[in-house]
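Handing you a structure now.
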Amino acid sequence: MIFLSIIVDENTKVVVQGITGKQGSFHTQRMLSYGTKIVAGTSPGKGGSEILGIPIYDTIEEAVKESKANTSIIFVPAPFAADAVMEAAEANLSVIVCITEGIPVHDELKFYWKVKEKGAILVGPNCPGIISPGKTHVGIMPTHVFKRGNVGVVSRSGTLTYQISYNLTRLGIGQSTVIGIGGDRITGLSFVEVLEMFEKDEETEVVVMIGEIGGRDEEIAAEFIKDMSKPIVGYIAGLTAPPEKRMGHAGAIVEGGVGSAESKIAALKKSGVEVGKTPMEVAEIVARKMKR
Amino acid sequence: MIFLSIIVDENTKVVVQGITGKQGSFHTQRMLSYGTKIVAGTSPGKGGSEILGIPIYDTIEEAVKESKANTSIIFVPAPFAADAVMEAAEANLSVIVCITEGIPVHDELKFYWKVKEKGAILVGPNCPGIISPGKTHVGIMPTHVFKRGNVGVVSRSGTLTYQISYNLTRLGIGQSTVIGIGGDRITGLSFVEVLEMFEKDEETEVVVMIGEIGGRDEEIAAEFIKDMSKPIVGYIAGLTAPPEKRMGHAGAIVEGGVGSAESKIAALKKSGVEVGKTPMEVAEIVARKMKR
Amino acid sequence: MRLLEYQAKQIFKNYGIPIPKGEVAKSIEEVEKIAEKFNGKVVLKAQVLVGGRGKSGGVRKATSVNEAKKIATELFGYNIKGHIVKKLLVEEMLEIKSEFYAGFTIDRSSKSIVAILSTMGGMDVEEVAAKYPQKIAKQKIDPRWGLWDYNLRNLLKNSSSPKELWSDLSDILRKLYNIMISYEAELVEINPLALTPQGLVAADARLNIDDNAIFRKKELFEMREITEESEIEKEAIKFGLNYVQLKGNVGIIANGAGMAMATMDLIKIMGGEPANFLDVGGGASKEVVEKAIEIITKSGVKSIFINIFGGITRCDEVAKGIVDALNRQKIGIPIIVRLSGTNEEEGKNILKKLKNIIVVNEMEEGAKIAVDLAR
Amino acid sequence: MRLLEYQAKQIFKNYGIPIPKGEVAKSIEEVEKIAEKFNGKVVLKAQVLVGGRGKSGGVRKATSVNEAKKIATELFGYNIKGHIVKKLLVEEMLEIKSEFYAGFTIDRSSKSIVAILSTMGGMDVEEVAAKYPQKIAKQKIDPRWGLWDYNLRNLLKNSSSPKELWSDLSDILRKLYNIMISYEAELVEINPLALTPQGLVAADARLNIDDNAIFRKKELFEMREITEESEIEKEAIKFGLNYVQLKGNVGIIANGAGMAMATMDLIKIMGGEPANFLDVGGGASKEVVEKAIEIITKSGVKSIFINIFGGITRCDEVAKGIVDALNRQKIGIPIIVRLSGTNEEEGKNILKKLKNIIVVNEMEEGAKIAVDLAR
């Protein structure tokens, strides 16, 4: 039996939506350097040409037909990103990674259900993507901070994901899969869904869950964790965020006490999760757990 | 093992949507006389009162909670009927029979998918309902023309259903279940779905399928029939209907040769279906089949 | 409800779709005035709701004002498949480089809206579909999510439309879809969608609105008055009757479209010719039945066969309508009545008292008598 | 983007929701004029975007014109939680029989829109939810199918609203929902929805529009100008920075909201006080970084900690922004910089040439130095 990472692995065949844009072409190059199998790109109107040796198509329908891609990554600008997600879902891709930030939430409400109906996995939007170190990278992460290993990382925040993975790697601890589920109010994946995958994943021994203020996703995850066999280490950003101030992410609003950092940390601790106060401390806790 | 009829039987518990209207109360009385288990009715604003001994609720949600109804029948006028179907689906009823005629087709497009997602069966709209003679009647059919037996009847036309069932009964042939799927462009059930149920139904020996001009549902059914074990007898109305003339039903438009009576009859015959030229002849063919 | 071309074009224009310059004329004088504006280079289009209008000579080109007047003289009052031409749409002559077909309709099989685009416009689209199926691109539009740009991209791609027109075609398709949704249409269509030196123009326009949705669109009531149903059909609509006049001599009244068609078919099988399709609908009142008899009688039939199998329709109510019709109208032709189903006995009892009525038990019997008496 | 009460009320009115009679005043004279129209019986409401405005004395009642003027004198320039009152909404005094809460917002857990109705309006809805959960009725609205009447019936039923108000409440809820959808709102709310002898009236109005959707709503650009963000916050918005001013003395610049918050938390843990939240966003340009430094410097901090972990953001671009800031601005305070991730080496190389910059490798180290230097 081979050990499969969750969601993506070395067999993942990627189509890049918006491959000719500034971000799209830059990160395509970086993913290629990492060894990601990028088989196609789309850019409406530019079909028939190619970039970085990758054929460009006008539509995902055509790209999938020609390249057999099973995963897409989206760099399309916010006003058009919802359409790109809908198109990817309609084309029956099994994994859709949406990097784009700033998508209107009413658009997200629509494509969430389309993706759900199609049975696809949506990573993001407003996320850094997903990496299975040493296998594939479908995202925009600084790949040099990761190392193949046995810690699963799931996070709502891009940069905090890099920070904590960096701290882990510095301590010699590698990662099985690192996934940023995105910081928007509506995300394709919830913590619970990812925790469930890590629980089943043979490569993963410990899971790091990086949350932040806003919403109830961490509280719901805390309930789920009670039945998990693998140890979870937590981090919650926003202890010093004043109530009722917008902290950038649409998701990072303290809604009248519900969803505060305190409430989330308390819920996690109640489920036996050790919560680090700083990114460094998170890595140190993981190191302790790994030694056992 | 007991012999179950398809879709509804003596255990069906019915809530009547629009029970206080003229049609609603009239047909509730008639269904009750037939022995149908009507356990609740709805009429927004009139909740708390009762009619014909049946408690009235403001919402289906409440009616289902209190009465444990699993099936609804809708007599709500066309402008509000789509809302009633949506409400019934949301309340997780497993069978929804929509009698109402004249529902806007764009409304039908919406509730079709809602019902589908909920995994419910929608009979209609614009249909006479469904009867399992001797067991239950969830509809507006003239019950005295039916008789318990082993012929399944499925039809797009209400009155033709009565006519042909009447002809069958006159020849001493009873029916297992008689179902009018409705004459609108968008119907909850297709011929194929009902044929599939009849094929599996132990009570049914022969199936009568009553179609009419318009659409391709009969042609699609003809394909399916090739793999059926039970004999099918067909009838198609509209041989003399001139092309491009509206024949009342939104469904009954001849669309440039496709969906003509000739095309349907030919498709059925190709699948080995005997097609009667008159309702009487249909009954006579069934009689012959039953004797074998 | 199908709108006349000029009515549909007005709506298309309101939604930002380019249409040719032109006006509606009801007289030769008006045609002259309009034609002068375009130096006589105009197309004259008969405003009738008939398929194959062009092939029947209902669309004609003029190169001078005098020619336009001459054509108008021929067209006014012209009978196209039973429809008399009363209005002409007089439009500028377009310089057409190529013709597209663009439209949306409802796909009953997939329970969705379907977008259709073809680079072979100008012809009968069913003909294109039959002869060159690969030339007709279709895309399903899921009613839950509506139209997205990717639907259009797939459509454009599969239609092999030239890329330089993608943006303009998308724009027109999006507007057409908005009309489809706002007007709750069954069909909205531009054929041909003409490519001219000035860009894409809707050279023709078709908009069929779902009759069941018209109650929500008050502004259409007025338009319906104008559409060219015959007087008798207009009256039928007012009473909620589904009525279509045909050429035979046996009048038919039935409940349910299926039953009405089956009755027509039966008349034919018995050797007669049905004079009409008439469905009184479900749960018809006696007033509606009375009106139905009046309409059929007016159309000059030789016999009337009333074939009712009551479900939601009550036989006693139908019988009362027959009584009222006989009391108030002069009906010189035989009426054959067959009543079965809900309240059958009550209905038959009411009819017992009447003369001039032949009551039968079976539809086959009734059809036969009706045909025999119409000879 | 949250609208001021009077802006939201104007939109509510356009959608047919009854609002109290009244006008906005910017001066005592204007207050006097408006108050006279209502014989001095008015409510004066400070137009500031602050929660608990009523409890802070921002909503006051007058029974005479003189009293209204006196209250206005007190309210103009009044500081409510850091917001200076510049405008008053002067409205007729309503005769309120009872108060409802009605609103729609987005439910992130169920990925749907949620309708909320309570017969206990007028209070803080979170407080009601905590103390009397059964008094808050909620209904999920599936974004695929939108709002249907049955959603409203279930809501009305579960809220135990009086039946005689069902029709009027439904009407207002339907209009509120239309606003929610048309304006792509995150929240639309009436609290209290007042029952008066003249019927239901939106005594207050709240409308929060999704910032991400504002590009589609040109007419809101103007309104945003008016909403009372501080000048410095307005400038930040212009450059796409997510900036919130706080009370500490250690300035923070980070990329990503999570990282910015973690950095704030770290400053606190190290014994300092964060002066702000500032997220330069993903893929920030050097111009944006330069602007961020300018904004933070202006706010009078003692040290600045720039904490970047680049993914889509490139460290070299950030470093260039720092260089530009130092070249063009007079910055008299220490800047601590931590760069990791994409193009980290290039960024560090650029910074090497600079004085006045403390480059660190770890965020914990940087935070500690920034706190120490701010003392």
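Chains: A, B, C and D, in written order; residue numbering restarts at 1 for each.
One rule holds in what follows: a contact is a pair of C-beta atoms (placed from the backbone, for glycine too) under 8 Å apart; a residue touches a chain by one contact, two chains touch by 3 or more.
Keep in mind that this is a model prediction, so the values were computed, not measured.
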Touching chain A and also chain B, the following chains: C, D
Pair exhibiting more inter-chain C-beta contacts, A-D or B-D: A-D
Chain centre separation (chain B, chain D; CA means) in Å: 54
Whole-Å separation of chain centres (CA-atom averages), chain B against chain C: 28
Contacts with 2+ other chains: residues of chain A: 110, 113
Multi-partner residues of chain D (at least 2 other chains): 144-145
Chain contact graph, described as a line, ring, star, complete graph or other shape: other
Chains that touch, pairwise: A-C, A-D, B-C, B-D, C-D
Residue numbers on chain C that touch chain D, as the complex places them: 144-145
For the chain D and chain A complex, residues of the former touching the latter: 51, 106, 108-109, 111-113, 124, 126, 142-144, 181, 184, 186, 210-213, 215-216, 242, 244, 246, 254-262, 264-269, 274, 277, 279, 281-283, 308-312, 340-342, 344, 362-364
Interfacial residue positions of chain C with respect to chain A in the complex: 144-145, 148-150, 153-154, 157, 163, 166
Touching residues (chain side chain A, partner chain C) in the complex: 44-45, 47, 58-62, 80, 82-84, 86-87, 90, 110, 113-114
Residues of chain B touching chain C in the complex: 23, 27, 78-79, 99, 101-106, 109-110, 112-113, 128, 139-142, 145, 155-160, 162-163, 166, 183, 185-186, 210, 212-213, 215-217, 220, 235, 237-242, 244-252, 255-258, 277-280
